[in-house]
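By letter and in written order, the chains are A, B, C and D; residue numbering begins at 1 in each of them.
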Amino acid sequence: MVQTVIEPTSAGDVSATRDLYIKAYRFMLLARVLDDKLASLYRAGKILGGVFLGRGQEALSVSIGVGLRERDIFAPLIRDMAGRLAFNESVLDAARTFLGSSLGPMRGRDGNIHRGRPKEGQLAMISHLGAMISVVNGGLFARRMRGIKGTVGVACCGDGSTSTGSFHEAMNQAAIEKLPLVMVVADNQYAYSTPTERQFACRSLVDRAVGYGIPGYEVDGTNLTACLNVVGEAIARARAGEGPQLVVANLLRLCGHGEHDDAQYIEPKLKASDLGRDCMKLAEAYLTQQSWADAATLSKWRAEAVQKVEEATAAAQREPGPDPFAENYWAALSTENLLEGNE
Amino acid sequence: MVQTVIEPTSAGDVSATRDLYIKAYRFMLLARVLDDKLASLYRAGKILGGVFLGRGQEALSVSIGVGLRERDIFAPLIRDMAGRLAFNESVLDAARTFLGSSLGPMRGRDGNIHRGRPKEGQLAMISHLGAMISVVNGGLFARRMRGIKGTVGVACCGDGSTSTGSFHEAMNQAAIEKLPLVMVVADNQYAYSTPTERQFACRSLVDRAVGYGIPGYEVDGTNLTACLNVVGEAIARARAGEGPQLVVANLLRLCGHGEHDDAQYIEPKLKASDLGRDCMKLAEAYLTQQSWADAATLSKWRAEAVQKVEEATAAAQREPGPDPFAENYWAALSTENLLEGNE
Amino acid sequence: MSITYLEAIREAQAKALRDDPRVFIYGQDVGAFGGAFKATKGLAKEFPGRVLDAPIAEDAMAGLAIGAALEGMRPILEMQFADFSTVAFNQIVNQAATMFWRTNISCPITVRLPCGGTAGGGPFHSQTMEAIYAHYPGLVVLTPATVEDAYSMLLEAVAIDDPVIFCEHKFLYYHLKADSLPTEALPVGKARIARVGRDLTLVTYSAMVHESLAAADELLSEGWEVEVVDLRSVKPLDTDTVIASVARTGRLLCVGEAWPWGGVTAEVITRVVCEGYDLLDAPPQRLNAKDTPVPYHPNLWSAHRPTARSIAAAARKVLQR
Amino acid sequence: MSITYLEAIREAQAKALRDDPRVFIYGQDVGAFGGAFKATKGLAKEFPGRVLDAPIAEDAMAGLAIGAALEGMRPILEMQFADFSTVAFNQIVNQAATMFWRTNISCPITVRLPCGGTAGGGPFHSQTMEAIYAHYPGLVVLTPATVEDAYSMLLEAVAIDDPVIFCEHKFLYYHLKADSLPTEALPVGKARIARVGRDLTLVTYSAMVHESLAAADELLSEGWEVEVVDLRSVKPLDTDTVIASVARTGRLLCVGEAWPWGGVTAEVITRVVCEGYDLLDAPPQRLNAKDTPVPYHPNLWSAHRPTARSIAAAARKVLQR
């Protein structure tokens, strides 16, 4: 049942393929520019808490975002800026959360990568790795009970997160219930500093699929076309009622675990290998090679992305942080009459 | 890497094979007789708490017990009377624990299936399914650190227990550390009342092995020869340094989940299938067929088992229960000066 | 007609399923089998597709319930024993409990925990975990002591927009009977005066209410009138009712089946002394289980947990000061 | 020379590894990388094969440590953040904590929990879980507040035959410095009078010791002499030292960074009023974090947890009664 897709055969309408590719690329670009901006704001001491970037993982992540539809469910993880933006997140949501604006979706209560808008299908991750997958299952399960058809859910995680008991319980649960879950694993060769040989002993994490009785696909995570195809097809199959799908992408994180980390532990050999290629650069080369964009267009797109990011981060920086005395921040229950007086 | 062994090729010395078979059979018999006695004591209201039997699973369980050596580690689960006895447990330990004697290994503190003697390699299970496997890993890990070679550890569980996060975390941990763990899964088609189709969606649980990068073997759990071979070989390979091994046995529980349960939910079709055969009867037929034992010998063995069981249960019933005022039962720490006064 | 505590739990679930299409039940063996304790007996048949067997995966069970709640459902999760909820602990305290505060979206799940000691239960089938869950912000923790409360509070739990930990006591399942199911009830958050008295306030909850009432009987024969307060919910905790009672009696004993350190008894005493210090005529006291795992053997078990007898003894000490 | 709280933790581990071949360290990224906070920096190199990276599997991490302890080892387990120990919760409270009582074999594991709030930490990287673990029988729970205690208590934790939950506070990691490592220390189980005073006993632990000392300074300028008791270990809890202090001052304020319900503050107040009621001249009080998840934004965070300022305000109330 395990399939390995290296270079997909791209069938169908060429212009649709091009449009999708360009759309995806532009979200990747926006994510990269925003991530870079956040990194520099972090270095300037403007951001509280950690900054975790998706650098090198944009092709995979964006493929999820462009593959999902409005009523779908998405549980991004820490490196999914591209997927978030392509799904439905605004640059302003991200900027506000990182910059502590009280107008952001988390209102200063939670920060940065934990942002989300569950009502709009974008779950707000908790830190505990693996914990979001069964929550996606629950959403899909509820929809099925309510007779809502044709929606899917995508959960993301890294190689390290596959070692959690939560990952296993949720994968197995999805398989039993035949839920339209697409589990996207970004095997970026490290979990923080820990290399994959201290994390698993199978050939590839896609080998887990057979143990859950679900299809599994491996994809070159540096190649946008491959990612669009494999993730797109997995989403389509899930949507068509074929049950859970596992996608494992091979790639390398092109940054530290967080911006506090210089990632000296990453093997130079890996950096020099195909895994270490930058999906952005590959995509740009492909765009040019296909004559879908020339250098001027690429510059224009970048300039537009930069402008969006600058506007959003500037706006968020002007916004007020939360004022603990102005609003009731100290109610952990929605049922007001069950609240106890606070100390 | 997944291998399916249905009928093993039995090589080597026939008399050794016979001796092992007979030894195993006699422990199965002892376990069956003891289990039956416990069931009748339970019905007579003499046992507190649950009684969970290994009926139908003796061939698998005993294969572990006879395969292990003195310094090995064994983490039995609720249906492993045969394996326990064959490893190193006395009938009296079992009887005392079920009958609440203060002289048993658990001294009345914990009961029945939770008994163990960790110092002698037999772990005292906690109820939480899956939780013992990583504890076995820890024992093996410690031995390796201390330079002790050639010991193995066996952990047991049922089909249902493979759904736990603990199972997954521990299997993966063993694989990463290449520990000599043999994981024996008794797929008895049900977890309490829950059939396997509500528990997993893979073809067989042995399909999990490939996802951990370890060898997996499937065995007919009703066939003692097959179990002795497959479990024996898995233990031998682990002992030889080949890392963790997964053994999945197919069989049917020939009793309720516990003695309180009439197991009406078990499909008649399953009972009538090969899975529903009683490993004891098959073993007896084989013994006779091979002329390793005749009816008189079988009766004699049974009578001996019955006598052992009667003696032990009678002795345990005469023994005092724990006296909360005679002994200090209320110290949860071994470091006395850190104990707090009890309420 | 007579109905047990366990049947009341079943009936409440049946009513919830009947009245509210958003309700479903998820747990190990809750389907055709009707649950380890038969608390869902017949419900899978009566409500097809809405009472589902779960794999042995408490973390994913809780996660699924949370995800469904976000989509507007009202899941009831049955843990086979409260003790096994430790495996779902992270999802409950970090995912469900923080949801509303973090995202402004409520997370109405009800987690049924068959709690508490029974003879022969032992360390892993006897635990009462109310203090653990009550420590975390964002959870409502209920501990019904009567058939009526088991019914009405479970219905209320399902209706509450926040995650509710429903601690039902296994010792009461079959022992406790009522003539009929209630049609009205005290709301969650209100304690109940289970017995009126003027000499001592005995605050307790769950199965210990009955031990305490028996102790009060015993003490009455000695001339002491003990007021027994059944907390019903330990979070929120009805400090007002407790303090009003202490104002009448001047004396306080708190009894809980859980371990002492940081338990309900400590929380109640702290609230009373912090807010109603001057009302006390004598030092308050608490009585809990001993600070060891719950023993398997009944000889040990009955010395481990508070009983009518040990409660009466503790009460005498408070009364005689 | 000057040494931080974090360096003291590293040094204690180095010494434990050096002096005792049974010691090993297991945790995510603790090997070549030296840990998320660098608490094991250089140790993997200095002690080959004894400082090992774990997969992201806290349940199995704890299980492995327990199994190794049964075989006579002395594992130190590093959780990357205390908050993630919820995933290992079952192994810690049901396997490690019950081991000795059930089997008569001790289970000497040390679980290092990087605890507590820092600005920007947010709901899942700020928790203090001492009350949760202290509720369970069979665990020792330590909460060092000083560089010296971080060092000596960690060494003692490794030497103790029982499972120890070592709550090290991240806020103190770099802030707190000492001139040198101690050569002798108070034993685990003894509280320390961190500051002598006659008007009020302020009982606290971990990072709140420093907030409390600052509050005491502030109050001194108003003429109040506050005695600050640093509990050091919350289980066992040194009730004697606390009560002796209350006997001198007649007033009690307990301060904890954790949530109020059933926290250390409730436990301390309960013990004092149950055992030393007559020593109090005024109602005791407690001050805790607010009963919500820990906020990410510093504006909210500083209003959420007790600070020198809010402690001083609470103390004034107790003093003015």
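In the analysis below, contacts are C-beta pairs under 8 Å (C-beta built on N, C-alpha and C of every residue); 3 or more make two chains touch, one makes a residue touch a chain.
Remember, predicted model here, so these are calculated numbers, not experimental data.
With contact taken as defined at the outset, chain A and chain C are each touched by B, D. Taking each chain's centre as the mean of its CA atoms, B is the chain most distant from chain A.
Work out the mean CA point of chain B and of chain C, and you get 36 Å between them. Our note on geometry: chain B versus chain D, Cα centroid distance of 41 Å, whole angstroms.
Centre-to-centre separation of chain C and chain D, using mean CA positions: 30 Å. The set of chain D residues touching two or more other chains comprises 54-55, 57, 59-60, 83, 86-87, 90, 94, 97-98, 101-102, 123-124, 137-138, 235, 286, 290-293. For chain B, the set of residues touching two or more other chains reads 106, 109-110, 114, 126, 128, 163-166, 169, 172, 176, 198-200, 331-332, 340.
Taken as a graph of touching chains, this assembly is fully connected, with contact between every pair of chains. Within the complex formed with chain B, the chain D residues making contact are 24, 49-50, 54-55, 57, 59-73, 75, 90-91, 94-95, 97-98, 100-106, 137-138, 140, 160-162, 188-189, 235-237. Those residues of chain C that touch chain D in the complex are listed here as 83, 86-87, 89-90, 93-94, 97-98, 101-102, 123-124, 131-132, 134-138, 235, 258-259, 261-267, 269-270, 273-275, 277-278, 280, 282-286, 290-293. The touching residues of chain A, when paired with chain C in their complex, are 105-107, 109-110, 114, 116-119, 123-124, 126, 128, 131-143, 145-146, 165-166, 169-170, 172-173, 176, 331-335, 337-340.
Across the complex, chain B is touched by residues 28-29, 31-33, 36, 53-57, 59-60, 81, 83-84, 86-87, 119-125, 260, 286-293, 295-300, 303-304 of chain C. Taken together, the chain A residues at the contact with chain B in this complex read 163-169, 172, 175-176, 178, 197-203, 205, 207-214, 243.
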